[in-house]
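Common to both upcoming complexes is chain A, partnered first by chain B, then by chain C.
Let's turn to the complex of A and B:
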């Protein structure tokens, strides 16, 4: 059964997203939370990493953290799904393990 | 007794600059009392935790690197170190402390605890775990 990976750091300051994407297994899901959601914005230097994750499995971003940072749905890389806290819980329940990339 | 679970402690930060590495070690030591199937992973700057020749005297901090050598006595014997992370930092396995355990099945022969793995092998290792704790 697959793994849920959470990333809570911006890719422009830390390598958490890069390292996470380098350790995805096929079918794994990636959830951006806290400052991790800034990686969801399209047209950035981190887009290729996010697209690699999208090719591997589902990519999600926490809506409240996106909203707080002014990242609108139309600003996001195509394919990333917005989830609320309930969706976060569902993702945890749907995967065998959760790995936090800090 | 409940079935053993596979625990992986993921270490991604260098020692001393932040509390993460020391806290991970504390949790590993506490967790060892629960007799689970424990593995440690060292990737990204986490590989610096295992550097040979750490000397914290002038920095006035506790040198906890020696504690890794004692973990074999607590049945913590699998130290997976990512080759790509070493190479990115200009390091090789030879730059790391020798860490061994005594194999009671083979007349207490000293065996290496450090297991170099590729990034792909590290991803596969993560996928085998019941619980992953990140530091």
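Let's turn to the complex of A and C:
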């Protein structure tokens, strides 16, 4: 019974990403959308937290939201996978439930 | 797979409605069914037919109506949230003695029970908000 977690706020605005990472179970996936994709940028104070999430499961970020914010593939923490809206739908289907960390 | 969508934010104040729209469209393109799209809280503002955004901007309300018409979607606006924000269909306008109604084509006004029902009937419930 794995869960897809969506985070739509930057880790510098709210603690949604931090809360989410603290609740990830093995096999869960984390998807960053909207301003949440800022958490995918490497070299920030949130990077270690995201790397911890990568160690426990898949971490994904919505490509169009990354592009809109000028975050290029080479700017991203290694291991985070870019997905389009179809990929978002697939992640929802692959996991038993979706939790939005609003 | 059957998906239910909840939209908690209005258009233009937050990206949530845009994301929900693109997600719903992608799900339909992949052959999934949409049990219902439930517009709650400020999300009810997606259901007014009186929005007139600049011509070079997306018209989210119209996009929802068009997607709803094309795929026969059940676009439900929460009645309590809608009445607080001045979103009325013809019946509600009459009932409250208002001189106009503004619910957009393809939307209908109903209660929170529709959200619960969608959550029970759908395989997945996906929430978009602030």
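Keep in mind that, in the parts below, the second predicted complex is superposed on the first by the 102 of 102 C-alpha atoms of A that agree within 3 Å, B and C clash if a C-alpha of one lies under 4 Å from a C-alpha of the other, contacts with A are read in each partner's own complex, and residues count from 1 in each chain.
Here is the rule we use: contacts are C-beta pairs under 8 Å (C-beta built on N, C-alpha and C of every residue); 3 or more make two chains touch, one makes a residue touch a chain.
Just so it is clear, the structure is predicted and the values come from calculations on it, not from any experiment.
**Q** Which partner chains sit in contact with A:22 here, chain B, chain C, both or neither? Use first/second/both/neither.
**A** Touch status of A:22: first partner only.
**Q** Give one of first, second, both or neither to describe whether A:33 is in contact with chain B, with chain C, with both, or with none.
**A** A:33 contacts chain C only, not chain B.
**Q** Tell me the contact category for A:102 with respect to chain B and chain C: first, second, both or neither.
**A** both
**Q** Which partner does A:85 reach: the first (chain B), the second (chain C), both, or neither?
**A** Only chain C is touched by A:85; chain B is not.
**Q** For A:60, decide between first (touching chain B), second (touching chain C), both and neither.
**A** In the superposition, A:60 contacts neither chain B nor chain C.
**Q** In the superposed arrangement, which partner chain does A:93 touch: chain B (first), chain C (second), both, or neither?
**A** second
**Q** Residue overlap on chain A between the chain B contact set and the chain C contact set?
**A** Comparing the two interfaces on chain A, one with chain B and one with chain C, the shared residues are 97-98, 100, 102.
**Q** Which residues of chain A touch chain C in the complex?
**A** Touching chain C: residues 8, 33-35, 62, 64-65, 84-86, 88-90, 92-93, 97-98, 100, 102 of chain A.
**Q** Touching residues of chain C toward chain A in the complex: what are they?
**A** Residues of chain C touching chain A: 1, 3, 8, 15-16, 19, 22-23, 25-27, 29-30, 32, 124-130.
**Q** What residues of chain B sit close enough to touch chain A in their complex?
**A** Against chain A, the touching part of chain B is residues 10, 12, 20, 43-44, 84, 119, 122-124, 126-127, 129-132, 134-135.
**Q** For chain A, which residues are in contact with chain B within the complex?
**A** Against chain B, chain A makes touches at 2-3, 15, 19, 22-25, 28, 96-102.
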